[in-house]
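Before anything else, here is the set of structures, which you'll find just below.
After this come two complexes, each holding chain A, first together with chain B and then together with chain C.
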Partner chain A sequence: MLQIKPILAALKRHKAGTILIAMQIALTLAIVCNAIFIIHQRLDRVQRPTGMVESDLMTIQNRFVGTEESKAGPLVKADLQALRQLPGVQDAVALNSYPLRGGGWSTGVRTDPDAKNSKGHTTQYFGDEHTLPTLAVKLIAGRNFRADEIVEADPQAIPDPAVIIVSKALAEKMYPEGSALGKTIYIGDSKSPSTIVGIVERLQVPWNGTWSDTFYENSLIQPVQLTSAFTNYVIRTKPGQLADVLKAAPAALVKANRMRVIPSERGVRTFAQVREAAYKGDRGMAILMGVVCLVLLGITAAGIVGLTSFWVGQRRKQIGVRRALGATKHDILSYFLTENLLIGIAGVLIGAFLAVGMNLWLVTQFEMARLSAVYVVVGVIALLLLGQGATLAPAMRASRVSPVEATRSV
Partner chain B sequence: MLGYYFDLALRSLRRNKMLTALMVVAIALGIGASMTTLTVLHVLSGDPLPGTSSTLFYPQVDPRDMDGYEEGKRPPEQVSWVDGMNLLRAKRADRQALMTGGAVPVQPAQSNIDPFFSDARYTSSDFFPMFKVPFLYGRPWSESEDGAKARVVVISRTLNEKLFGGKDSVGQTLRMKDTAFQVVGVIDLWRPSPRFYDLNMDSYGSLEDVFVPLSTARDVHFEHSGSTDCWGTGGGDEEHAETSPCVWLQFWVQINDSGKVAAYRDYLVHYSQEQKALGRFQRPPNAQLPGLMEWLDINKVVPGDVRLQTWLALGFLLVCLVNTVGLMLAKFLRRAGELGVRRALGASKREVFAQLLVESGVIGLAGGFFGLLLAFVGLWLVRKQPSSYAALAHMSSGMLLVTFLLAVGATLLAGLLPAWRACQITPALQLKSQ
Partner chain C sequence: MLKMTHLSKVYRTEVVETYALRDFNINVNEGEFVAVTGPSGSGKTTFLTIAGLLETFTGGQYHLDGVEVSNLNDNERSRIRNEKIGFIFQAFNLIPDLNVFDNVEVPLRYRGMKAAERKERIMNALERVGLASRAKHYPAELSGGQQQRVAIARALAGSPRLLLADEPTGNLDTQMARGVMELLEEIHREGATIVMVTHDPELAARAQRNVHIIDGQVVDLAEDPRFHHAVHAARGNAPA
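Moving on, here comes the complex of A and B:
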């Protein structure tokens, strides 16, 4: 059935063409494997949940002017009151930062105040008892802050909090052996303990770069209302009223006090916009890689079609002779498919090594993980199928060559 | 003769339109993708100050305590107030400037403009002549104004247009954070990219709008932004930034005579030893003096994604070329009969070779032309992106030439093997088989 020997003999007469197709398949495999791997990594990142309910959520970036940098406490309080009273607003909170914002605070935390090195790294969110309801993060153990636990503080001199709420990831990092609820941790270089009173299921850090991957769900919330002139208001609207509040909230703030700057760009955003802005680069890279992969596969397929067509045209006479000597249409078809399969196998073997080599090089140059073998296997199968598919049309044409060709010259 | 070959090439290409189109499209896509990414890479990794950059250096010393000390690690990326001031006052280089970034509330005199925040740079007087900053009106402030904490400000052309309608505003008053500043100069359009002098900021962002003396900025408590790295008991507290063990300033020097660079490095080592003897420094002296371009390199200023895209595009071009070589080889060998006749009628191998190269050159030209169009489309798409470097992505005449040479060169190279194989044909054998 498989006429491997005569095929190899024929390929020997087309060395250059054979090598070129194999090379093209190898390079395509190497590039496509790595590109799809990168796409997958980026998409994984884009789909990471923040832990919040992201619909009906919006943010306003506010900066008071004409007040001293850290004496804006009463102004922030008045703003929050105004926002919470707006029709359409469910709850609102003033935070130093929020997930995917891009800038925020981070610190080391330890379970032993005398330890030289911190046990974990975390972001710090500062907010009052409205933080959990506004962000709608899921409390899985313990309780929310009580109103009497909230302190006002200058960002330059934040007192060590007696109680804190942490994310599950941070809780497990600090107390891997079991429930962290009720236990204490020490923030930064502090010598006074903070008791964990609540654990939320998930709360992402403000950053989304690869450098923050090691602690991207380690968060702690401190019951502190900062008095700085720069704040981010996060507002949860009643269902379906986001569009109205998007206009009403900044207008209400400006009406209450004109001495403030809300940037025209990025100043007022729905959380969907925040998310889109945060991942624009990753999304763009994934789309670009995807397009390049498709075009690359298309060109490789077209190249195989072109070259096989030439070979078919070149061998019409031989095909005619074979048909005249009793070979069936199916024999001719399988001859060309087998030929392509042999070249393809050689190509993907080299390509698999190239793909791994390319990935190893990329790992040294860029922040990237090691390529998993699954991608290579899938890529190998895909390229072999692509080769067979591309050969099919010219091979069908070859199989239709009539035995009479043998008697004609050219 | 070339004209005749050209005619032959066109006929041959017309005979098999699909194949010709496939080759041209493959080359155009490869060239288009490569040139788009190469142009972006070229723009981003360029010299921000051509002609001057080789005389600019970024001195680094290591003032940290022994915590986390590892031999061979680079010193911190910025300097502390004490070291910055010491090095500034020592004036061991031709020019030197100490600086940091910030944001200031601008309170326009006009009632129709709401107060707003502007990005600012707090620096010392040498900043302007050292970085060859062009002035539209006025002048930089002087060294004595640095010392006197004078309320003077240099503004950007953009801000001048916004506040003063683009007129010569020298001598006018600008209120910032409830303090009156006198405008002494307006900077003309200037956008060094990358914005090398402070890599904490967006490296490809636009110029700051406000420049005030560093001493003044500290005096009126302007807010500092950028990174602050502290050690020991340092808390990054704004009010005590002069004395706390934190690095938060950038220090640049200009050394015109390349022979004096080593002397300056020695001076930094000597300074570190002296500070260690005084008990301020604890680590063994670790002084570095990278040049401007070296400093950009060390900090990997060009975004990783841009470099990754360039490699991807070049790989893509390579596959497109291999594809073209394969197709051209098949095509040329298919015409063995025709070529055999030409050889038999007296054409030398060289002439057949030249004819085939002209044919591949024509494909290269067409591919290059369409590739160039694609590159323009690609750059237009890049400019639509939200990244700060997007606006910089423009084709220069140099890159235009490179595109064309790359396209034609690559296709000629791709044509070499097929043409050589094809002209090896023995005419007699071909004629016989007919």
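Moving on, here comes the complex of A and C:
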């Protein structure tokens, strides 16, 4: 710190290099802070639990052919019977969708049938009494559906259900002041109440994009067996039987009825594959952002090493003179480290403003969340440490310059 | 003040050993103004770098202000350079990025001196060399003679026990050289010990005593008749 004033005086005489490195540090900080923030958000999303026990779970996407679109009820029933009879299968259910599938139904829900606006937004799952055991979601209040509550319905004309099961998040959204169990809600524009008979701890919606972030745990299950020719079978296998059932289940379905299409790509998947596919984009983005961060940090470090090395080479004689005038090796080392620190401080101050500005732009343009100050603070410290680390080698080289350099003519 | 006894400096490569100084003996007393002379390659600069603790030596002994310096570590050598020695280089060696004030301040900062004391010493030294009004100027804005005066102010500001000057007028024209020499003589009259390395017989003649080096050893000036005559001619008398 002894040398700040003369270092600042010297830096004023080397404005171009100083400004370039400071701006490089500033831009790196701004981009890295936002990139790491995005990475963190994506990783948080990837790690969100669905509420289901995901091991020993698989799905089959099925479309009957040669059957009227809404008359497949008996075929679905037969399929479920065939699946549940397989030796490795613990339970199976036919659903319109399931968490992380990527497509499904959503609707507004109200507690007051006359309310103009819905109180919450939720996804709708349609399934029978096997839904909870198959998905292995945790029922924290109330009960499961009874078999006599299940109705068969054409997807175009689903009756308002008398009873429903909701996720805890939706229950709290609809009835924040107390337990929602036994209370009623109105689905969509319906004037018929549906009574909440069960609350599950968590059940994620089928989507994992930004648009569903505000209601990603708001789910309700209606006791409906759809008669659609298109359906998704979700199968829970007995422990350790997943690999066998992956082969046996589609074979059993084909054996039961050949008039169907099970797509080769997404047709039969373990839930691990479903999760993998659902978050492929998020993981890709996180990796891309990570690579961008590493490249930027690498370029910045290389820039600092390069400029410091250049300055050390350029000032070799000056270093010798300083040593001749009494500077210790430590003084020389400290000179270059302090010089970098001063440039770094200027860079991170500008960079902190840029980081916040860039985030505000992302917030307005891409509905991103606000950048936490922690990212900026950590980024500032990291960039300053990176600068010091990058300066260390050339600074140590400088400290080894002999004082006898002062007497050399060139 | 400065005493070298049987001192040697050997530069070794894989194939050859070169003695820059061999069995070198010199004794400079406090308050003396000694000119160390000799032809190019004689070892003058090596002597100066060793005397100024800029370089280590191979054998022999060197006492500076009563301290045997051969066993000092790098930090101790730096401290002695800073506190006891003032350097005046042929190429001035001012730091181009710093103004005159900051240049003179450099050794004082390494001494850890307080700002007020530094400022007082700097201004005194600059007044001493007649450049107080140029404190905010950069070296490039000064003439060679003025730059060397700044270098002398830098050397004086730390109140060193010994001033080592390496061809102090080598880069100056005659008029500027005269001014710088007069300044050194004035500083000497005020009690400073000065050892000046030069190959210029006229400058050597203005010192109290000449130490002549040939092939890394101190020799009698008479062994270099041409230089001997030149020195005496500059003094305005004939050699004995």
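Worth a mention:
One rule holds in what follows: the second predicted complex is superposed on the first by the 409 of 410 C-alpha atoms of A that agree within 3 Å, B and C clash if a C-alpha of one lies under 4 Å from a C-alpha of the other, contacts with A are read in each partner's own complex, and residues count from 1 in each chain.
One rule holds in what follows: a contact is a pair of C-beta atoms (placed from the backbone, for glycine too) under 8 Å apart; a residue touches a chain by one contact, two chains touch by 3 or more.
The model shown is predicted, which means the values in this text are computed figures rather than measured ones.
After superposition onto chain A, the modelled positions of chain B and chain C are compatible, with room for both. In the superposition on chain A, A:Met259 contacts chain B only, with no contact to chain C. When the two complexes are overlaid on their common chain A, residue A:Leu288 makes contact with chain B while staying clear of chain C.
When the two complexes are overlaid, the chain among chain B and chain C that reaches more residues of chain A is B. Using C-alpha centres, the superposed arrangement gives chain A a vertex angle toward chain B and chain C of 90 degrees, stated as a multiple of 10. Once the two complexes are overlaid on the shared chain, A:Thr28 sits against chain B while remaining clear of chain C. In the overlay built on the shared chain, the residue A:Gly303 is in contact with chain B alone; chain C does not reach it. Once the two complexes are overlaid on the shared chain, A:Thr328 sits against chain C while remaining clear of chain B.
Of the two partner chains, chain B is the only one touched by A:Gln314; chain C is not. Following the chain A superposition, chain B and chain C show a smallest Cα-Cα distance of 8 angstrom.
Residues 409 of chain A lie at the contact with chain B in one complex and at the contact with chain C in the other.
Interface of chain A with chain C (complex): residues 2-3, 5-6, 9-10, 13-14, 317-318, 321-331, 402-404, 406-407, 409.
Of all the residues in chain A, the ones that touch chain B in their complex are 16-17, 20-21, 23-24, 27-28, 30-31, 35, 38, 63, 65-66, 69, 156, 258-259, 261, 277, 280-281, 284-285, 288-289, 292, 295-296, 299-300, 302-303, 306-307, 310-311, 313-314, 362, 365-367, 409-410. Considering their complex, residues 19, 22, 26, 29, 33, 105, 107, 114-117, 178, 221, 223, 237-239, 304-305, 307-309, 312-313, 315-316, 318-320, 322-323, 325-327, 329-331, 333-334, 385-387, 417, 421, 434 of chain B touch chain A. Put simply, chain C touches chain A in their complex at residues 45, 48-49, 52-55, 74-75, 78-79, 81-83, 87, 89-91, 93, 95-99, 102, 105-107, 109-112, 154, 158, 166.
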